[in-house]
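There are structures below to look over.
In the two assemblies presented below, chain A is common to both, partnered first by chain B and then by chain C.
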Partner chain A sequence: MAQATFRIWRGDQNGGAFRDYTAEVGEGMVVLDCIHQIQATQAPDLACRWNCKAGKCGSCSAEINGRPRLMCMTRLDDRRFIDLREPIIVEPMRTFPHIKDLVTDVSWNYKVNRMIPKFQPRKPDAADGTWRMSQAEVDRIQEFRKCIECFLCQDTCHVLRDHRMMGDTVDGELRELFGGPRFMIRVASLEMHPLDIGDRLQLLKDTLNIGLCNITKCCTEVCPEHIHITDNGIIPLKERVVDRFYDPLMWLWHRIFGDRASRESAQNRTPLPVVSS
Partner chain B sequence: MSSLTMAPHRAGFGATSRRDLWWVGPLATFLGLMAFLIYAHAIVLFVPGYYEIRENPDDFFAHGNRPVAPYLAPFSSPLIYGGHSPHAWIAKDRPDWWPRWFPFTSAMLILIFPAGFRFTCYYYRKAYYRAFWADPPACAVGEPRQSYWGENHWPLLIQNIHRYFMYAAVLFLAWLAWDALYAFWWPTDRHGRLLPDGGHQIGMGVGTILMVVNVLCLAGFTFGCNSVRHLVGGRYDCFACPHNIQQERTGYKLWRWVTRFNEHHMEWAWVSLFTVGFTDFYIRMCAAGIWTDYRIF
Partner chain C sequence: MDYETHEHDVLVIGAGGAGLRAAIEASAAGVSVGLVCKSLLGKAHTVMAEGGIAAALANVDRRDSWQVHFADTMRGGQYVNNWRMAQIHAQEAPDRVRELEAWGAVFDRTPDGRILQRNFGGHKFPRLAHVGDRTGLEMIRTLQDHGIHLGMSVYMECTIIRLLKDGDRVSGAFGYWRDRGRFVVFQAKAVVLATGGIGKAYKITSNSWEYTGDGHSLAYHAGAELIDMEFVQFHPTGMVWPPSVRGILVTEGVRGEGGCLRNSEGKRFMFDEIPESYKAQTADNEEEGFLYVLAEKYQGRDARRPPELLTRDHVARCIVREVKQGRGSPHGGVFLELDSFARWMKGRNPSFNAAEHWKKKLPSMYHQFKELGNVDITRQPMEVGPTTHYVMGGVRVDADTQMSCVPGLFACGECAAGINGANRLGGNSLSDLLVLGKRAGEFAAKYAKEHSAGQVHADQVEEAARWALSFIDEPQGDENPYKVQADLQETMQDLVGIVRREDEMLRALDIIGQLWERARKARAPINREYNPGWHTCMDLYNLLTVAEAITRSALERKESRGGQFRDDYPHKDTPRFGKVNGVVWKGPDGRMQFRWEPIPEMPAELKEIIREQNQGKLPEELM
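And now, the complex of A and B:
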């Protein structure tokens, strides 16, 4: 078995430093395997968050050789990220408050999440209280539902990472709030939902500050679920914000012709078949 | 929200733990866009003629110097002021109101529209924010500045105008398509002799192929635009309201069609940037007599 050196950030809120550990590397192993091996053999107090080891729980987010990655989905034979001849640097996500070693406090994200009004379905389409959706509409929002909340996109977003725009006081200075890619995607999943009648565009523009995103697409690059965060989520939302707040022609169009959805809902509908139980 | 205690953070321009060649992408983007910008500025500011191939390449503006090919360099299309060119809207070389001391090219009047379309394009924004402004230079790499306004404040709030430049770009595309069609309508025979009585015949040269390919690439870029995608269908929550049980609505079909181009918007952006630049360069080099266009039939 080959050996690899892991340079792991050790420390807590009072400070820390990189320490080197050696681990045995076998075929098919991922970074999280080696972290567990180091925990078992050399550093039982090494803190790391993990759960499923299958890329579905979003717990083991870290920065591996400077790239925001899931430790459980980063194979040691993946030459894009790993070169076993050099120490493999494993750090906690740098955007969030540090707790210990590889563990960070991601609770800020849950506070942002609570700002978003929940799903508000329209009245049922059929007398039995059910709705109808086309597959195309389901497909579009289904992509956003794949999010596992690993917060790697939040970690790599430079608005949060470098400019600390978390609606908070950082280094004595009050920063604007940027919701971040994860919550742009959550809003997209609700705003584009064919049944939802909620309106989150004002929130998106003035509270979550979608305009702070300058679409440099790092969020899309790091997403382990390969969600097209920018192209399918943030940019379409930006266009909707332009419709509402910046485009005089669209404003005029809506003034003259009204909103399409409300216009069509006012039309007489063909009665739908009732689903019997 | 309370104040945050952050983990030790690598600050400063280029600070990162990344070991890959993260700077290659932004550098290549910088060089590619700079090459185009330098060429475009040189043409717009310093090359008043040579937008079409005329009999005498040494004295482009000479009276009676007639065009011998139907091409029009795309940077000069539409040709608002073009003297006796068949492409000209106004039969003068420059407007009367233009200051005499200031150089004039017809391209100065029009290039703001395609330039604005690309400047406000969502892909190019990513490209130049990274390559020119280093905001960020690459993912998880430190930036040179602490301050940041994003597109939430002036001046970058202007990026929201993108769809209006898109409307202009569609008109320009139609115009360039007409130019490409006109590039089959030759004032000369296949040996380069002017046809009698100002006649024309069907023909094709290498420049014709370049102009057609250029239009196709520009169409791939324009119709993959995120604003087009939004306007044709993306703005709807329901593709098949009211009951959402059909998918036959035109908006959905168009949205799917535009999405296919949009998925490769970056590739279309670069390919079309190259084709428009090279087509222009080719025609101007032929117009200057440095290159000779090959007539196929």
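And now, the complex of A and C:
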């Protein structure tokens, strides 16, 4: 069995440092296996989150050799990310407040989620109170609904990570809030929902500040579910916001007929384009 | 002792499908609800569910009805289910699914635009509402996003370690925040347990770290009863190699698409032992089995199922036999290969492209083995072995209200028992979470409205806090909690696993006794902040409680039925065990007690349904 050095961030809000551990690396192992091994044999209080260990729950997000990754889906023989001759650096997601070791406080994301008005279905299509829709309509939004909320996209988004646009005070200065890629996708999953008649464009523009995204696509790159966050989610939403608020004709329509008309027209709108995967 | 206090009418412990559904119902009833979860919201084990939600919507086959679903569930559970629960479940599941759609869940559709339903083991008609192979994620996200707007308070990463009582009734719960390690008291008029299963008592499991039997154990130590604990479902095919993925599920669909199980000698051992009762519907040669996969005729009649598609418990036992007799794969499983079918197909049709075929039929399995196992299943055999998947046993509750024998204490989902009997059908878990979760929330809210708050007694809080701190404060003791947990898992895996024997289980009880001692001496570094070692010390208490309950119950049931297979009693013994449930509870001396409890007589109209669905015959259990 080969050995590898894991350079793991240890510490809490009061500060921390990298510490080296040696782990046995066997066939097919992933980073999370070694973290567990180190916990069981050398550092019982090493903090990390995990649940399903199969890439389905999105709990074990971390930065591995500088890349936002799920620890359960990063194999130690994956040469793209790992060279066993060098220490493997494992650190917490740096965008969120640190709690301990590999665990960060991601509660901000849950607060943003609460800002998004919930699903509002149209009236049922059938007398028995049920709806009809086509499989094509279902397929169209699958991409957005498969998000596992690992928050790696939030972690890598430079608007959040570098510019700290999280709606709170940084160095004495109040920063705007940017909802981040995850919640653009959440809004897209509602806006494109075949039954939903809610209107969240004002929210996108003024509350989640979609305009702050400048389409660098870093979020798309790190998504473990391979969602085309930017191309299929954020850009079409930006176009809708532009149509509503910055297109002079649409603006006039909106002024004359009001919100209700725009809600009704939203029911009849053409679906968002989808870039094939 | 320093702790914070929160007050609610209803406290729900666990935020998977059942807990969320209960919390939603209680909130809708207008009471104040606290929802506590060990992980972050939306990460509970429900996200792993793939197959679908069983509900007799009759969208695909009009012949389906709650009656057929009820009969299927009872047959699957070998008639030791709580028939009233099975009835309620079958009757109410369709409404719960439609309601989920009204809250935003998106299901695959029929050509006329209604919810599509798929076939599944043990269900007579296509019955599972689903969306691809990620139904669980769709369900939990829908409930989560619906629930957070109803005014409930969500307490994430908080572990409950004791239920608090005021006399006989429950009055709240005590726990700790995982992040800072501080203590917290929840005062509540009613408490709903929805903590899931016990998979982490075993070495090989498809369950996550959270499945440590918390609800089972909390209820047991608070005076509630557990039933059917001997019935543990082992899914026959989990991954066994590499170690990182051991236990992860390999869907039954692989076998459904023509996958063959083979031993190290290359023999297709499932042909060796076909139970008498299934001989008429099982193929006895390879050709017929493959023709079944294609839904073609064999010698002029419908081809019969390949033996790989016999019931889960039987396939699991055959795999264990091969491994025990030295014919296993290098890593202690057997081989599941697609190549035989592909070669047979190529013989029929030279242009058959195996790689493309399997990637299209089994995309997620292809992906899972490729990414995690470095195995290309289109060319290489998979190594598979049984994996602990689900516990049918749990807290004994009233079928209509989901309340346990402790006033104010409710349970639903996997941690409650009754609906599944000796064996659960695939798809019945998600519907169980919705139907009985809703009822638990409804009746917990009702109870809260009808009762004032009980007292929280300081001595109970102090005692629980002292106990928790003993694992980091007290100097004597040097057991590594991870080692104790691993030893318990090894013991349950080897001695109370799929094939059970009296002498082995007695040995397991001895070892569990020693592990109780070692668990008391488990110690973690002195640090209350996000300290998994400390958390594991406390989890051991729950794991050992359920391990003991499973072992004692399994010893008492001297027959084989559903999830329990006794090597020393390999047959059903219906006269002795076909009309009873095993009950364990905590005696006044603190020791675990056991008794048999007769199953109440099924009403005539339900018996009639069973008879109708069973070729006019009433099963022995119901006579």
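The rule we apply is simple: the second predicted complex is superposed on the first by the 248 of 277 C-alpha atoms of A that agree within 3 Å, B and C clash if a C-alpha of one lies under 4 Å from a C-alpha of the other, contacts with A are read in each partner's own complex, and residues count from 1 in each chain.
As a working rule, a residue touches a chain if its C-beta (ideal position, glycine included) is under 8 Å from a C-beta of that chain, and two chains touch if they have at least 3 such contacts.
None of the values given here were measured: they were computed from a predicted structure.
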Clash-or-fit label for the pair chain B, chain C on chain A: fit
Partner chain in contact with A:Arg132 - chain B first, chain C second, else both or neither: both
Touched partner set for A:His193, first chain B, second chain C, both or neither: both
If touched residues of chain A are counted for chain B and for chain C, the larger one: B
Which of chain B and chain C A:Pro92 touches, first, second, both or neither: first
Least Cα gap, in Å, left between chain B and chain C after the two complexes are fitted on chain A: 6
Residues of chain A contacting chain B in one complex and chain C in the other: 125, 131-135, 137, 193-194, 196
Residues of chain B touching chain A in the complex: 1-10, 16-20, 122, 125-126, 129-130, 135-136, 139-143, 146, 148, 150-153, 156-157, 160-163, 226-227, 229-230, 234-247, 252, 256, 262-263, 265
For the chain C and chain A complex, residues of the former touching the latter: 39-45, 47-48, 98, 101-104, 106-109, 112-116, 131-132, 134, 137-138, 141, 145-146, 148-149, 154, 156, 179, 208-210, 241-245, 248, 368, 371-374, 480-483, 486, 524-525, 527, 529-534, 536
Sites on chain A touched by chain B in the complex: 11, 13, 15-16, 63, 65-68, 80-81, 83, 86, 89, 91-94, 96-98, 104, 108, 111, 125, 131-137, 155-156, 158-159, 161-170, 176, 178, 191-194, 196, 209, 211-218, 221-222, 230-231, 235-236, 238-243, 246-247, 260-261, 264-265, 267, 269-270, 272
Chain C partner contacts - residues on chain A that touch it in the complex: 12, 26-30, 32-33, 39-41, 44-59, 72-73, 75, 77, 99-101, 103, 105-107, 110, 113-114, 117-119, 121, 125, 129-135, 137-138, 141-142, 145-146, 148-149, 190, 193-196
